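The next part holds the structures, each set out as structure tokens.
Shared between the two complexes below is chain A, which has chain B as its partner in the first and chain C in the second.
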Partner chain A sequence: MKTRGAFALSRHAVLTCWTLVTLFPIYWMLMTSFKHSGEWVTWPPRWLPHAPTLENYRAVLAPGTSTFELGRQTLKVLKPLWDSLLVAGVSSLVAVALGSALAYSWARFGTGGPRYPYNLLTIRMVPPIVIAVPFVVYYVTLRLLDTYAGLILVYVATSLPYVIWMMLAFIDDVPIELERAARVMGASRFRVVGTIVLPLVASGLVVTFLFVFILNWSELLLAMTLTNTEVSTIPITLNKFQSANEGRAYGPQAAIGTIATLPVVVLGFAIQKHLVRGFSFGLLRK
Partner chain B sequence: MSGVRLEKLSKTFGATRAVREVDLVIPDGEFTVFVGPSGCGKTTTLNLIAGLETPTSGDIYIGADRVTDWEPRDRNLGMVFQSLALFPHMSVFDNIGFPLRLRRLPAAEIAARVAAVARTVRIDHLLDKRPATLSGGEAQRVALARTIIVQPAVFLMDEPLSSLDAKLRVEMRTELKRLHASLRATFVYVTHDQAEAMTMADRIVVMHGGVVQQVGPPLVLYNDPVNRFVAGFFGVPAMNFLEGELADGRFMAAPISVPVGLRRAVGSATLGVRPEHVRVTSGDEGWPATVNLVEPLGDETLVFLDHGGPASLIAKMHADEPIAAGDRRRFTFNPDKLLCFDGGTGERIRP
Partner chain C sequence: MRAGDPPAPDRRAVRRGVLGRLERERVFKWIPFVPVQTLFVALLLPNFLLLVYLSLLSWRITRGAWWNAPFTGLDAFMVAIGDERFLWALARTFLFAAAAVPLELGLGFGLALLCRSPFRGRRVYSTILLLPMMIVPAVVGYDLSMLLIDQGPFNQILSVLAGRAITVRWLSDYTAAPLAVIGADVWQWTSLTFLIFLSGFAGLPQDPIRAARVMGATRWQVFRYVELPLLKPVIAIAVVLRSMEALKIFDYPMLLTQGGPGNATETVAVYLWRVGWEFARVSHAAAMSLILLVAVAVYVFIAIRVLRRERRRLAAEGIA
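For the complex of A and B:
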């Protein structure tokens, strides 16, 4: 008993330390976003803002009214925020829809042959920069450079392997006899998918959506290469808050970071029920 | 009206020939059981009838219709699966009503018919529950109710009782037979359990290696098997087999030598004797053996006899006859009940 108690204690100690390590950057970002510019990089560090201010948020959300000036740039955050939501949201939805259909057809009909999912995975083995440059060439010709459609298209393509692999795990969990029973009882193939398969993989769809949404929401390299002035996402904007004169604007960057984290956190809470079920694969009794 | 007919039906998976040229007529209203060891093609045959697999060649008729390339839903079938396949995200009511909802019947009629069919299988108190909360027997009845509700002409059942414990399985056997008698529909039932096949079937189809071995009523298969496989498949414990020679109308495997009434001399042969036809004698009639194991079953006792051959002979004796392991006894065979099989092909050798 004693050794077990000691084991539990040390395990909790380790887990607590690790939680602190992972949460610290988020804490630091949150605190910095409320600090005056003088406190951003002071040593010894200030754990809490001396005089909390909303100046950083004003700087990024309403640039004209702020006392803080970053060179001669006027940077807006609301437009990139909207662009990011649109691009990440639409591309993740499309990728989940297409990828789930593909995963289903591979799981049930062997579409594309036995090695198909592995071949898809090789797309992700290439560093994104390798595909980014050729994409610029194509996009110039196709007039997709710096457009929503262009960025959504490339995000759909890069998300698909993740969606397919995650959904394969969930679809494999649905016993094929359930589908067969429904077919014998009179359901068409589409009816089977709609009334049996989709309800049973709902949690999987939600979890997969969240996963690729976070990826696309935070993607920098492709967005930077394929957009310019018309479309601009949050990660790009975050990177722009620096200048030769003032250096890095840590405060406004922290404010943007906090704002950018909020949608994901909200989404996470909204689908908490699905997260718990979705991450415990094998939820169905066979 | 709605019998099932298979014509030269074959199914190949890659290099495996799961079902080979099966010709079979299943008459309307009959309870037919497909039986065989796992991998013998019985479930594949059932799935072919259901339309869940597409035949490689051959044809399937249900009633007068050639249904070979029909969708499962157009075949007017009911099917019970090994896993029962209850939909985990629907209540019992919705599970049973599912086929009616697909047919777009009005809600009131669905409710009435679900209630009626639930009463007949005695699950009307479970309608609000989820399948995961049901016991094995209850889940079984829900699966049956869901199948009966559309009154299909042909019922297909794929080892539906295999998930139940032994006692419940025996109860459900009786219940299924009663159901068959009241519905008068064609039942096609798949099992690997020879006892299930014997007790329930009007006719048994024995399959092995994708090929139909023999078709007939249970007692015909038991008493008059066409080959060694069928002979060994039915009966507990299994038939005793002795390897030896056939010459001058006698089967010989020293020291055993018995007349089997066969004129032909075919050389190597196998003698089949069921345990109930091995008699342990008390006199000096027969051949000597040592009793090496005794298994009392209550009403009968199984006796394992070591007669010098490669395997023990099993005899079934009355329970009140005194016998113990280590006894030296003699045994004979009931001469009218001996079966001979070709030593090479295993085919039955008939007079």
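For the complex of A and C:
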């Protein structure tokens, strides 16, 4: 009994430690986003804003002033938010639709051969910088550079391997007997997918969508390479802020960071219960 | 594990029209395959050929169109191999991955182990511990650059803990800056390994564990001889996923230190980015990309073999 109490106590101690490590940067960004410019950098650092303000959010979000003076360049903030949402949303939807269909097809019929999911994973392992250089030349030729369609196509391709691997786990959980029974009773293949498989893997689809949405929402390197002025995403905007060395705008940057984080975290909270199921990638014995 | 067709003939076996045609197994199974494969071939094949071709030229963006660039054979590769900064960036990338990935795996596994069984506060802990993976890496990079300034809160905490004034120059010191980049990676991606292992623990089959318990195995024995072997494939995929992402590391050095001080945090992705876009030496970047591809390919080959073996073993002993 005594050892058990000691174990519970040390468990709480360890978990609390890591919780603090996890929360510290998030807390600091949140607080900075509410600070006046005089409090961004002080010694000793201020852990609570003296007089909380929404000035940073206003500077970043207000329609008329959604451009931000920074050295010599002017940055738009509202448009990248919208662009990110559009590009990440559409590409993740398409990837989840295509990828889960493919995962089903592979699990049931072995489409593409036994190595197919591994081949796709190989593609994911290639560092994106490798294809960045020729990609620009290729996209210029196709007139896809700096367009939504161009970026979306790339993101669909890069997130497909993850979709397939995650969905395999969920499809493995669908009892084949059920599908067979429905087939015997005369249901078409499409009907089997629609009425039996789809409801059973619904939570899997949501989890997978969230995960690839996070990846696409935050991708920096390819976005920087394949866009210029027409399309711009949130990570690019942050990077531009950061590389403009003169006059760091900590407050507005913290506001952008908070805004960029919020939708994903809210989504994550909403599906947390399902999150734990999706990440063993079908690699456990039933 | 394939469903195939049921032996009994389908009542409405003969369907007509487009839908009927799509129904046949040999057509049905290719429906998702065709668009996916088309996308990959259309995006990757021309790019790969272009990459190889560009690496054989001597082209800079600033000097006219690429099809007019002189053909110089393997010159770009000679430059790449002779480029010390490139070789260092390559080595540094593997070094960063070698430092960050084991830490992430160890921490993630340990934390998941502590959180696997229900206790009071478990939900709160796991909710918070999952947060970092939901934050944009660029935001993490920016956020840490704010924490780690010389007179920032991180140094303040260190000073309080140590009881004397400590000022580590995290972003401009040759030893500290790489640690900051590795730390950023560990901070963010421990949450993913934690999730993967938590998912693994939650999905463990209960029968063999109970059987071992009944036969009088101690807690440690159950963990070591029953659970750990069952978890092996999950551990394998965690290693593969994390190491392949760690080799791409780009956002943190870019946002935290811009590769500096000097080149102390310049990973291969950052350096190739510079060669290609800042220095506009496209052909050199292409040659270096191909070398990087070969370096990664060796690793990928091993990783895929391990994964295939694990999944095949599962199919052989578990489901069959």
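The definition used in the following text is that the second predicted complex is superposed on the first by the 253 of 286 C-alpha atoms of A that agree within 3 Å, B and C clash if a C-alpha of one lies under 4 Å from a C-alpha of the other, contacts with A are read in each partner's own complex, and residues count from 1 in each chain.
Going forward, a residue touches a chain if its C-beta (ideal position, glycine included) is under 8 Å from a C-beta of that chain, and two chains touch if they have at least 3 such contacts.
It should be emphasised that the depicted structure is a prediction, and the values quoted were computed from it without experimental measurement.
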Self-check item: Touched partner set for A:Arg143, first chain B, second chain C, both or neither
Solution: neither
Exercise. Quick one: classify A:Pro175 as touching chain B (first), chain C (second), both or neither.
Key: first
Quiz prompt | First, second, both or neither for A:Thr19, with chain B first and chain C second | solution = second
Quiz item: Is A:Gly257 contacted by the first partner chain B, the second partner chain C, both or neither?
Solution: second
Quiz prompt | Touched chain A residues, chain B compared with chain C | solution = C
Quiz item: Thinking of the overlay built on chain A, is A:His50 touched by chain B (first), by chain C (second), by both, or by neither?
Solution: neither
Quiz item: Taking the superposition as given, does A:Pro199 touch the first partner, chain B, the second, chain C, both, or neither?
Solution: first
Quiz prompt | On chain A, positions contacted by chain B and by chain C | solution = 180, 183-186, 188, 284-286
Quiz prompt | Interface residues, chain C side, partner chain A - complex | solution = 1-6, 8, 10-12, 15, 19, 22-23, 25, 28-33, 35-37, 39-40, 43-44, 46-48, 50-51, 54, 66, 107, 110-111, 114-115, 119, 121, 125, 127-147, 149, 151-153, 156, 187, 190-191, 195-196, 198-200, 202-205, 230-231, 233-234, 236-237, 240, 244, 247-248, 250-251, 254-255, 258, 268-269, 272-273, 276-277, 282, 285-286, 289-290, 292-293, 296, 299-300, 303-304, 307-308, 310-311, 314, 317-319
Exercise. Show which residues of chain B lie in contact with chain A when the two form their complex.
Key: 50-52, 71-73, 75, 77-79, 81-83, 85, 87-89, 98-99, 102-103, 132, 146, 150, 156
Quiz item: If you look only at chain A, which of its residues touch chain B in the complex?
Solution: 175, 177-178, 180-188, 191, 195-196, 199-200, 284-286
Exercise. Please name which positions on chain A make contact with chain C in the complex.
Key: 8, 11-12, 14-15, 18-19, 21-26, 28-29, 32, 41-45, 47, 98-99, 101-102, 104-105, 107-112, 115, 118, 121-135, 137-138, 153-154, 156-157, 160, 165, 176, 179-180, 183-186, 188-190, 214, 217-218, 220-221, 224-225, 234-235, 238-239, 241-243, 250, 253-254, 256-257, 260-261, 264-265, 268-269, 272, 275-286
